[in-house]
């Protein structure tokens, strides 16, 4: 039996368990449902969860454990010479055996050892699967009966079910912690290796970024310089420009849609704006580089400013357009959720709509608006393609938006996908940049959290 | 009889619909200057609806349709040229459900004067806030916590806060929708005193469920029933010698 | 009795001046009115500006890309020479299928364009798509009894010819600056004069997968890949995101630990997407041994990236539900879970859906993390399931945009249009749902 | 898995995919999956080990490095077949309506290096316009869009143009320290005259089209397809034309490769056949379908040699 | 004296703090089964706060700290083992500010019975809804619009809807915070009747500002002032012969 069919069977069993539990509670109630502690559905859920959850957990163990079990057995029949040839050969041998066993690849005439291994794989896999399926089904049935037996009229099934639900909620919310841990780990070790090569202070406070390092051993290396300040300055500049576009436009659009526009206009405009968030960034990149950048260059020249054809301004402006919906749609929802009584209270005192918005609605909706802006900020920090295409890759330390700059994210991406070398500082730098960016945004978020807390006005 | 009085606001053939449902039927009513007009009637008869028509607060409810005419002095307030903001500044309102802003008590009261530019200095604003809270009989209770949130007040305190907030704007007409519903007798007495005091300079319309209160504070009383204005006249006359049977029944509590 | 007979003018009142009448008040009011109008105009301008940007973007794309929905075909005379196709005369389908169609094609260009020199033949073969030989084969297999006759067959034109036919190549340029030279131009004109050039709906574009030849390239493979990937992404990120938000906002005690989680989630939103690719590579492919280039892995990875957006939006929406509604339900004896699921969640639904729309839109347009997990790839088959190699729409766009062939410019724009169509369909459901849940209180 | 998995260079990607498609359509095997990861990234994946979870073939726009071979060996990837498939010309081009350019590598180095010798002394690059370097060059400001330091193309450009160009100057030759000299030769100026554009060559072409003063550095196939928008500069008097590159007369061209993991041959179906297809005359010859995609074919003799070694899976020795 | 009655709920030495601010001081109070206990006192004295302690609605307000003991029959409701949900199902509440759900009128009333499984069939649920609305005196007004939103009702109608919603759950103890504040005399009479009727089987605590109402409906009256329980006893005694001066002053309206 495969895992998926097992899971399917367990699901069906749980559905049955639900109806059994429900029916039992109803029959216990003798037609007076109010004599039950909880609604019949909760009894059903209770039995279903006890039937399904352990079995599903087992399925995870199954998935994780079966390959090692089978591989362990196969290991015993691997011929000496293959063993001697190293891990790669073993791996290939295994691959051959698996291919033969599953019959998916027509391999060139397999050796007897491979044949034997394949037959072990076939046999053992079947055994392991049967064993797990057997245990799993037994578990499911045991859970079902145990839970079913516990049902009495005053059994607190709702509390039980809700407790399980809460545990599931807690588990879901720890996922973000695991993701963070995963991210930190996936950048930490490489960063440490980077800092062994490049002094951390040079990295943190260096004013020059030019990761040119010899890529061929026979090349004479030109030492790259790894000062991240220009990158962070560039990131800030572009993010600032993007937010300077997105937040006012997004917020004003949100206000207009929720407070001024008619229902129909809003129903049309909001989804339209949301399309902006879904246009692939390559498209924005082309737009920024080929339409906006020349305009800005022309504009700069007409002002007598020496504008580069690749400029922070072009990238920032277009990025701003891209993140408008992050602000407009989310803010529109929270503004819309402010109770009407507050609007009435203000309007009744003779405030204009705009005064009402500025003085009453926006403060009340502040946490949501702040969340929207933070999200927009985050998105701006993380954007790559537009910057690569429109602002270039040159790490200039400048505050002049008409000049080319680059961002941390862009450098991370180009370092990771560009030509790389094992262990070269150039490749490792990407991880160090990732780590520092992570820490910096964390600090910013902490500050933001406190500010929002401070100014939050809880209505009602 | 108070026929010597000037009508400050007049409603003529006022019909109001919530979507399909008609809530007011051909209401003709004058609200006289420098007097208190009480609106009474069973729950759901349209008192609040009528009151909200007088400063166009019904504009904020979707699907409301209004026919007829409402005048403030000589101007039709539903005329396109009318500035709703000015109208609402001149015709203030205390809502039936207290709805303080999620701001400090001080800011709640200062809100109106600020937007209308009624205070030229911080001190003046402080004075307005203090005076308004005092007139609403709330000052003593909250003077030490003016910087705490208005939503953390008790029900009756919130109601008085909303009254203070409304009178701080210094409107010409004050519409009060059951301003004492959450108040104890003493606070009620304070508000009634306030109403009496305000009457000298202002025009007041008040919705109340208490016949005693209507009799105590108002000069004229309008009795609504099922969206219709059944009877309207001098308070004394309405309470002692009602012309309509329905009024009689309602006042004596025989209705239902 | 009423006082309607009374003339208000007759009884002027000596009353205190209202602060809302008079010159100063009027001036103040005018200023406020102006500020009101200005504010409203800003709002309108903001919406308008955003929509204009959208229209400009889409308009440009449509101008470039709509052409790709048609494909040029050319008609040629084919002498279905039995000696070439079926020397034995058995009409056995296998023999017919294995015949030398490239040779037949060479015959065709010789007969139709008089190309006999090797150079000319090659150039003339360049008029047809690389699949012309298979088209010929299919034609023969479908009509074996026509062997021995001469037939007119419509064959798909090459990308260059397609561009020429659609007017993307400027004929007036000197030969050296054109991708097609004068000889090809001459052939084309001759064909056009015979009405042997036509443009048909490009079904292949909508049903095929990637190809190195622009005239054969299709978007369906990437569309299916996107659908599979986003399905996995949604199945994971929506429930997990919403439940996380519910836990944090409604159940979790407010302490340093939950503050940490909150900051953490906000911070995850700022992690560059490629880092999620690294994580996906390490965890899903490296640790769990999931297959490379597969939609499951793509979905998992994008889900990690989408989660913060959904969580943040959901939390904002939950926060915005007035406490009085929670209290009302609690007062009736609803359990916290019931309060949330019966009252708060439905009222927060618009915000949750908005977060989902935006998060999924972002996931739909993302390429960088997919690079790490092998989805930026040439895949010539339409993916058959969650574990078969596949690519996604933005990657296809990215790859096509990087191709030298001129005809891919049009395909790229068309692929973007398809992606936007995909996005609109995906959003439409959510938008309709959202409208049903919207209400004010 | 039943299909070949290929990773590697984005430069080789268009050629490899063309072969893969042809292979898939005619051989009866599944069409290989080809990822565009960049040469270095591809080699990293390729060298990670033997087994079906690792790729079978990697493309590279440069030769495999010694360190990479060692890394491969460390992970059990010992037998690798190197297949050289042809050349990629790197061109310097500008908009068709811009000035014609006739330049040498030495002049290019002067235009783009960070430090140049003036009157025998090394100074920060003072040249603002091309004509500052030589009166024969156009009187236009120097503005070159080129690949970023992370790109293989950039390395090739540095090696083929910069390192070559600098050797012509005595002041450079005079530098004793090898390291120093390397740095002087290879460092590219960062004052805005050289603009690091992304890896998308189409974008560079389009940027050039809208900015006649600018030059760009990109691959030959893009020049071929965009003759209406851009025109190439001649370098040392040679225009980047097919024959000139093929014969090696045009100096700025590099070789393209792919590497086969021999251990996988026999396990993964179709690998041999794929290599055969790639090295067939139908594909690799000057009239083959790869040439139509812009690949510059190897000279006939070398091609035959490559095909023979490749089809025999002769392992690389370094 | 009604000392023969069983205390249904008892509060002992109850102190409550909103953050730093103490709102209840050592309150000792018994709520007797099958009787009506009225809580009176000036606005802001802690009546609502106390009432909310009885079914732990204060738990939902951040920064609230409670000391002391509250028992329902014999169980300490602040005990950790107590199921708050069940507690609130047994001790129902009508809030001071009407807060209908943004759902239909029908669903507003049916919500409680649904989650508690009080109806075994759709018909039974219909009956419960109808009966509850009738008992709250609202049915006639809304019977044709049961499927319209509860938030589209007038103030008084909303208040009665909330009463109907609370009694539909059939709790043992009903806490009513000014349930008639927005009601006209007739509707008030209807609710008072209802309270009287409920008293036979339930325990009721009611906050009111109307002395008359307290005197009419309650058997026992508690007078709060500044967070302290000043006097507590039989209603008759409290109104006719108060033991404390403050009570006397308040009742006679001399307070201030």
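Should a chain be cited, it is by its letter among A, B, C, D and E, assigned in written order, with residues numbered from 1 in that chain.
One rule holds for everything that comes next: a contact is a pair of C-beta atoms (placed from the backbone, for glycine too) under 8 Å apart; a residue touches a chain by one contact, two chains touch by 3 or more.
Nothing here was measured: the structure is a model prediction, and the numbers come from that model.
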item	value
Path length in steps (a step moves to a chain that is touched) from subunit A to subunit D	1
Mutual neighbours - chains that touch subunit B and subunit C alike	A, E
Pair of chains with maximal C-beta contact number	A-C
Most central chain, Cα average position	A
Inter-centroid spacing, subunit E versus subunit A (mean Cα positions, whole Å)	48
CA centroid of subunit A to CA centroid of subunit B, Å	54
For subunit C paired with subunit E, centre-to-centre distance based on mean C-alpha positions, whole Å	58
Centroid distance [mean C-alpha coordinates] between subunit D and subunit C, Å	32
Residues of subunit A engaged with two or more neighbouring chains	158-159, 286, 339-340, 350, 352, 355, 416-417, 458-460
Sequence positions of subunit C contacting 2 or more other chains	20, 32-33, 36, 289, 323-324, 335-336, 347, 371, 401, 441
Overlap residues in subunit B, where contacts from two or more other chains coincide	85-86, 89-90, 97, 115-116, 171
Topology of the chain contact graph, where touching chains are joined (line, ring, star, complete, other)	other
Pairs of chains in contact (touch as defined earlier), listed by label	A-B, A-C, A-D, A-E, B-C, B-E, C-D, C-E
Of subunit C, residues touching subunit E in the complex	254, 323-336, 338, 342-343, 347, 439, 441
Partner subunit D, residues of subunit A touching it in the complex	85-89, 91-92, 94-96, 98-99, 104-108, 210-212, 214-217, 219-224, 285-286, 289-290, 294, 308-310, 388-389, 392-394, 396, 403-404, 406, 414-422, 426-427
Subunit C partner contacts - residues on subunit A that touch it in the complex	67, 158-159, 162, 165-166, 168-170, 172-173, 175-177, 179-180, 182-183, 186-187, 248-253, 255-257, 259-261, 267, 269-283, 286-287, 321, 324-326, 328-330, 332-334, 336-340, 350, 352-355, 357-358, 365, 367-368, 371-372, 374-375, 377-379, 381-382, 384-385, 408-409, 412-413, 416-417, 434, 437-438, 441-442, 445-446, 448-449, 458-460
Subunit E-touching residues of subunit A, taken from the complex the two chains share	31-34, 36, 38-40, 156, 158-159
Of all residues in subunit B, those that touch subunit E in their complex	18, 21, 40-44, 48-49, 96-98, 141, 145, 152-157, 160, 177-178, 181-189, 209-211, 250, 253, 255-256
